[in-house]
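Lettered A, B and C in written order, each chain numbered from 1.
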């Protein structure tokens, strides 16, 4: 299947076909999820209505991590198997995953204030997510940090691979740090016993967020592929309309 | 093996030729350490528990400052092409660069820690485990710098980009390192130290191939 | 919609900004991505119908 999709023109055609249904389905699932989350589900026995924040916080956190793993897989395809669309996929996924990481932090903070009394607490999960956000920003900055646009693909892919290997290390080290520094922790890291009536909104939002991710990645990949085509067309047209050779025109760019 | 040693010797000779630069790293270390009491206040009771963590942070930042010169010169003056043509495999070249860089940046810091630590009222009982943990930690950080410098070669804002790449990856090293520096049981062989060493092993495995791949690309692209 | 719904058991100040910020973030990224795709497609169309290639014997500089 990945070989089939490797042709950019074919991918753009497939993307055009897939995008609208995926986007509509995503929107539908999220809307249904919102209905359940805000209306048709009960408040929690202990946390009251703040449990409703979980319905955006948990899906966002899940997608943030999944997004980074997906980026790592793309990086693998790019570095090892040289799949022609893998770096485009990686570039497309990074901002979406980064957004989810940021939303996780923001919603986690808004959840934490009523629960624990502080806008930010250094609990293991939020701290790990903060570091994951840094990892995302690093990949995005590296991918776009070169004058020649495509030059950033390989370093960004290598960094994503290094990052994916490091995510478990970071998670472990933060958990380690957290348990050592807070032996008698009064902070229950968001452990909510899931009542079946709470599962419904959670699953709908989770599914909706997944499809949102897919839709946006398809959209961004299409935009990037078109951008590449534009660049190569511009190069070709520049060559075809180039003036006759002058001594000062030759040689590598200064 | 010969070429490997020669690469290290070359870098050491170059560093020795501008040995004042080593002094700059040390001075940077001292200045950062000085900033902490100035910001926090001079009371020993406050500084002493913070001494070890602050020394770690200062050491990290000092070493970080030297990373962008890791590969830049070799890329610019074509030495990397020579290496590519020679019998020295690129990943071995990378390890040699890391060793030389650590000898020039990490080792002086290690030797300075007992003295500079005085500025933060560090307890002398802690010094042996601190130095051993820093030994492993600075080595790990050097490998991270190798990764960061090679990935960012040729980028527009290579220095800032490198810091952005290296520091998040360095956080586990910081966590384990500080814990390993102040073991409870007295002996320095704590589980924290073992974890720190494990991270170093992982970095030893991934830094050379990653950096080699990144440098090959940077070299193809026409150097720094 | 009763006042009770909006006050969310007193936690309104946390829950509503939460959902609002999430919605704003996701909608903004979706719009920006869609915008970029649309703009790029327009630029591509302009290029593909673009300045006609010179059909006369202008020597190709690249050789």
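Keep this in mind: a residue touches a chain if its C-beta (ideal position, glycine included) is under 8 Å from a C-beta of that chain, and two chains touch if they have at least 3 such contacts.
Since we're looking at a predicted model, the values are computed, not measured.
Chemist: Higher C-beta contact count, A-B or A-C?
Modeler: The greater number of contacts lies at A-C.
Chemist: If you average the C-alpha positions per chain, which one ends up nearest the average over all of them?
Modeler: Most central by this criterion: A.
Chemist: Indicate the whole-number Å distance between the mean C-alpha point of subunit B and the mean C-alpha point of subunit C.
Modeler: 41
Chemist: If you average the CA atoms of subunit A and of subunit B, how many Å lie between those two points?
Modeler: So the centroids are 30 Å from each other.
Chemist: Express in whole angstrom the distance between the two chain centres, defined as the mean CA positions of subunit A and subunit C.
Modeler: Those two chain centres are 16 Å apart.
Chemist: For subunit C, which residues are in contact with subunit A within the complex?
Modeler: Listed in rising order, the residues are 5, 8-11, 14-15, 17-19, 21-22, 25-26, 29-30, 33-34, 36-37, 40-41, 43-44, 47-48, 50-51, 53-54, 58-62.
Chemist: How about subunit B: which of its residues touch subunit A in the complex?
Modeler: Its residues touching subunit A are 147, 151-152, 154-157, 161, 164-165, 167-169, 171-172, 175-176, 179, 195, 199, 202, 206, 210, 213-214, 217, 221-222.
Chemist: Mind listing the subunit A positions that touch subunit B in their complex?
Modeler: 79, 131, 134-135, 137-138, 141-142, 145-148, 151-152, 154-155, 158-159, 161-163, 165-166, 169-170, 172-174, 176-177, 180, 252
Chemist: Please name which positions on subunit A make contact with subunit C in the complex.
Modeler: 34, 38-39, 43, 48-50, 52-53, 56-57, 60, 95-96, 99, 102-103, 106-107, 110-111, 113-114, 212, 215-216, 219-220, 222-223, 226-227, 229-230, 233-234, 237, 239-245, 249
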